[in-house]
Amino acid sequence: MTDTHILTLSCRNRPGIVARVATHLFLHDANIQDAQQFDDEETGRFFMRVRFGLMSDAASPEKLRGSFAEVATTFGMDWTMRPRRDKQRVVIMVSRFDHCLTDILYRWRMGELDMEIVGIIANYPRETYAAHEFGDIPFDYLPITKETKPEQEAAVWRVVQDRGADLVILARYMQVLSDDLATKLADRCINIHHSFLPGFKGAKPYHQAFERGVKLIGATAHYVTSDLDEGPIIEQDVERISHVDTPDDLVRKGRDIERRVLSRAIAWHLDGRVLRNGSKTVVFRD
Amino acid sequence: MTDTHILTLSCRNRPGIVARVATHLFLHDANIQDAQQFDDEETGRFFMRVRFGLMSDAASPEKLRGSFAEVATTFGMDWTMRPRRDKQRVVIMVSRFDHCLTDILYRWRMGELDMEIVGIIANYPRETYAAHEFGDIPFDYLPITKETKPEQEAAVWRVVQDRGADLVILARYMQVLSDDLATKLADRCINIHHSFLPGFKGAKPYHQAFERGVKLIGATAHYVTSDLDEGPIIEQDVERISHVDTPDDLVRKGRDIERRVLSRAIAWHLDGRVLRNGSKTVVFRD
Amino acid sequence: MTDTHILTLSCRNRPGIVARVATHLFLHDANIQDAQQFDDEETGRFFMRVRFGLMSDAASPEKLRGSFAEVATTFGMDWTMRPRRDKQRVVIMVSRFDHCLTDILYRWRMGELDMEIVGIIANYPRETYAAHEFGDIPFDYLPITKETKPEQEAAVWRVVQDRGADLVILARYMQVLSDDLATKLADRCINIHHSFLPGFKGAKPYHQAFERGVKLIGATAHYVTSDLDEGPIIEQDVERISHVDTPDDLVRKGRDIERRVLSRAIAWHLDGRVLRNGSKTVVFRD
Amino acid sequence: MTDTHILTLSCRNRPGIVARVATHLFLHDANIQDAQQFDDEETGRFFMRVRFGLMSDAASPEKLRGSFAEVATTFGMDWTMRPRRDKQRVVIMVSRFDHCLTDILYRWRMGELDMEIVGIIANYPRETYAAHEFGDIPFDYLPITKETKPEQEAAVWRVVQDRGADLVILARYMQVLSDDLATKLADRCINIHHSFLPGFKGAKPYHQAFERGVKLIGATAHYVTSDLDEGPIIEQDVERISHVDTPDDLVRKGRDIERRVLSRAIAWHLDGRVLRNGSKTVVFRD
């Protein structure tokens, strides 16, 4: 029986990395099924993602991980290695609009988003999402005001920690995280921004787009950083609009872009396809 | 025999405009082949484009134009009416990069851009465009420096006037027009901006896009106004990029976007499909 | 107060139709908000869609309809005129796969599909759709086998008639309708075909696409006719695939195409934007 | 100084291929810059493309090639290894329509198609392409009729051989190659088919598309095989059409699709990104 694993790594580029990694895997009964790499010539940094199968029952993921740690140390790698069947634990945060939540739940149910949803946090009460059957997923109503923000974020952080969340998805959560919380969630919090960044930052981007008379609108999924609207971009997409579209039409068309952009970003993140590269990302698409 | 004409108009919206226009055309032997309209609910302005055929030899375009002038006065219309076979006279301005020029000449030769090219103005000498056979098209080498800009623009303006140009195309001309020249060419000068506005204004937009790590780049065709990078947008398009694309790759991919966006904007303008609406445009696409 | 209405018509083309229609509407206090038309030069047929507002309370839709009937008779028009707020009554038919159903319900809930769902008919039992909260919508489990097809279709037809359905949506219903039922539902039954017709007809189109090694797959929404896979096409779309995609990946990517193609076709149909033109359609997109 | 090389290979899949290839390259002073691979689980075949740099002047491409041959033999590889700066020698065949030729020449001139054009063969006389300045490229006018086809193809084959052509591009050549010539040019002759295969095979595909009322049209670049319209597909693309498009409009829109699809397929082929996989292709896109 074969068990699939994902290895991701990045380090300073130098000759022989691929040979060393591939040989190490081969010698430990790991068969490379797919491998992608990228040399960032600007920064001299090397990125790699390997999907491999452990072929014999004898082969132990733990032993492989242990021996690979030595290779990683030699090259100074940032790296992760995990069995594909180990589902990441995900908390979804949502506000009044539930179109992204709807899409995420649908794709999760269909098996397209291979994760375990360990919590839904909303700053609106449960009845706002009456159309949804959440089943076993814990729902936390954590309202927020300017005054209660510190307490609310502390509560959010407790949920994230208590549930052992690997990833937090801001599914149109509409609240700016504090620098503190953003830092705590670095590289494991994905936001959907309802604009084709850096086009229309700030509030009401669709209305800004309408005023400017652009012919395409878009959305951007990015990792959350303390610098609002400026985190590393994972995915973007656009849709054509025209003079007949009102701001409401833009909002409606925007919903479709937002949900597909966010779902793609989540799927790629879960599959170990997104590697942080400073203020940018490397995305190994299939 | 039928001769096709294009009528465009805009005025303050009020009931009965379509009925009045359609009836007037019908009573003057003009058969409506296509009609499109738009009510801008925000500004209360009405826009219309009608393509019609004059059916009998007896019907006179001049008489129709004369009688329609009265209708137009009644409604306070901005309007144009012209035979489709009357080709617009076009001056193309170009700088070092000739990819947009190449595409325009190709589409003009194929009959896709139905216009008469009455001049090519370049701030680089003729040999820069050695690969092109310009045939009968006059070529003017008008170099420009900071100091000679007023004289150069005066020479440009003379060419535009002497040739009776209806339209000036900045086919990656790379020079900012003075407020004076921009004003003189208002609503009849189309520029291609090598960015998906308002994303990356200013110099070297593809390098800005590279730095920001966006996942799509684009280009924008717009009417030139004295406010650089801010004229009414006619058309935009994008292409997907990834982490492997260097700034040079973005420039290369950008060329394809630029030429198709500019060519579309020109074709629509020539066909009377683009109506100015303040700082925006109404584009009646087919 | 203004009430919006949609007029659609088609007839043999001849001069004066637009003038007559526009004038009639104007004289009956109807203000044209949008109008689109199409002359099919191949067949000599004329198509038109008008969205208009009835401006005064005095104006009566019934009287307008009555008087317009005379105009329609003069020109031999096929026509419909209905208040936009009158929602069409829709029956959705579904089989094992519920991705299209999910998308339709979501868009209906968001107000993007402005209709009244008067029934869901499935050939799988209610628990197949456990993730859905159908609320007040009647659900009919009507299983089908080769032998029971006539009875099942009779039951379907009863539901359609009893509920006064204006439209039947085959949301991946996966069953071929009999000629008889297809004929009864002519022009008011939309199917989603999981192939970019006419590319891969028949069974398992995604597997056919995989075998052929195409680089794009698509889906097709069309009106149902007795000739399977051959009804008038309303909308199509595609998505890029590559050599790494397995048949299962194609099925997964296909779901996204299917649901957006079907939802667009439904929205356009509900809004009176789709007019049948022999074996083709005229689609007045906004 | 670094010299870039491209290695492509395919063989029956088995563990250790990547390790062996990577190690061999590393031990011979070759630094892997990019590597892509694909396991075809259906056929059990493995495909790989490696771009590497030879780092020292001491490293010899010939010696590397010699030593790699042993690795290749061990695994039973089909393989190629060539310096990227060695331009492939290309013959372009063209008929009456020159839009694909125009695009190829433009991209070649811009450096986007890194090849040496060693001949243009046309079945129309030189004046048909008067707008083009061919420079040093030899032009052969080889007219063809049903009767002269064998002689004409013999002349084509002589040109291909005499010029040492690595690749033959059918840039809308519009003639069906004989089985004999198709076989001789196997895997090194790319055709552009003006249809989204397998949609509309045979003659006049755009007219077929018009008759069927489809909403998207496309084009297909594929390797030529003796089975017309059935060769391994390299690339496809589509464009949206509507009811207003006449067959002539489809032809016009088709030109744009054809030229971009063909140019992409050529660029990928030249860069060693397209590997034949039976009746399909593996395309390692960047």
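Note that the chains take the letters A, B, C and D in the order they are written out, and that residue 1 is the start of every chain.
Basically, contacts are C-beta pairs under 8 Å (C-beta built on N, C-alpha and C of every residue); 3 or more make two chains touch, one makes a residue touch a chain.
Per UniProt, the chains are A, B, C, D = Formyltetrahydrofolate deformylase.
Keep in mind the model is a prediction, meaning the values are calculated, not measured.
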Same or different residue numbers at the subunit B/subunit C copy interface, by half rule: same
Chain separated most widely from subunit D, comparing mean CA positions: C
CA centroid of subunit A to CA centroid of subunit C, Å: 36
Mean-CA-position distance for subunit D and subunit C (Å): 42
Per-residue overlap in subunit D, given as positions that touch at least 2 other chains: 34, 38, 242, 244
Overall pattern in which the protein chains touch one another (line/ring/star/complete/other): complete
Sites on subunit B touched by subunit D in the complex: 34, 99, 102, 106, 109-110, 112, 130-133, 242, 244, 252, 255-256, 260, 286
Contact footprint of subunit D on subunit A as seen in their complex: 15-16, 18-19, 22-23, 25-27, 31-39, 55
Subunit B contact footprint on subunit A (complex, rising order): 38, 40-41, 196-200, 212-216, 218, 232-238, 242-244, 246, 277, 279-283, 285
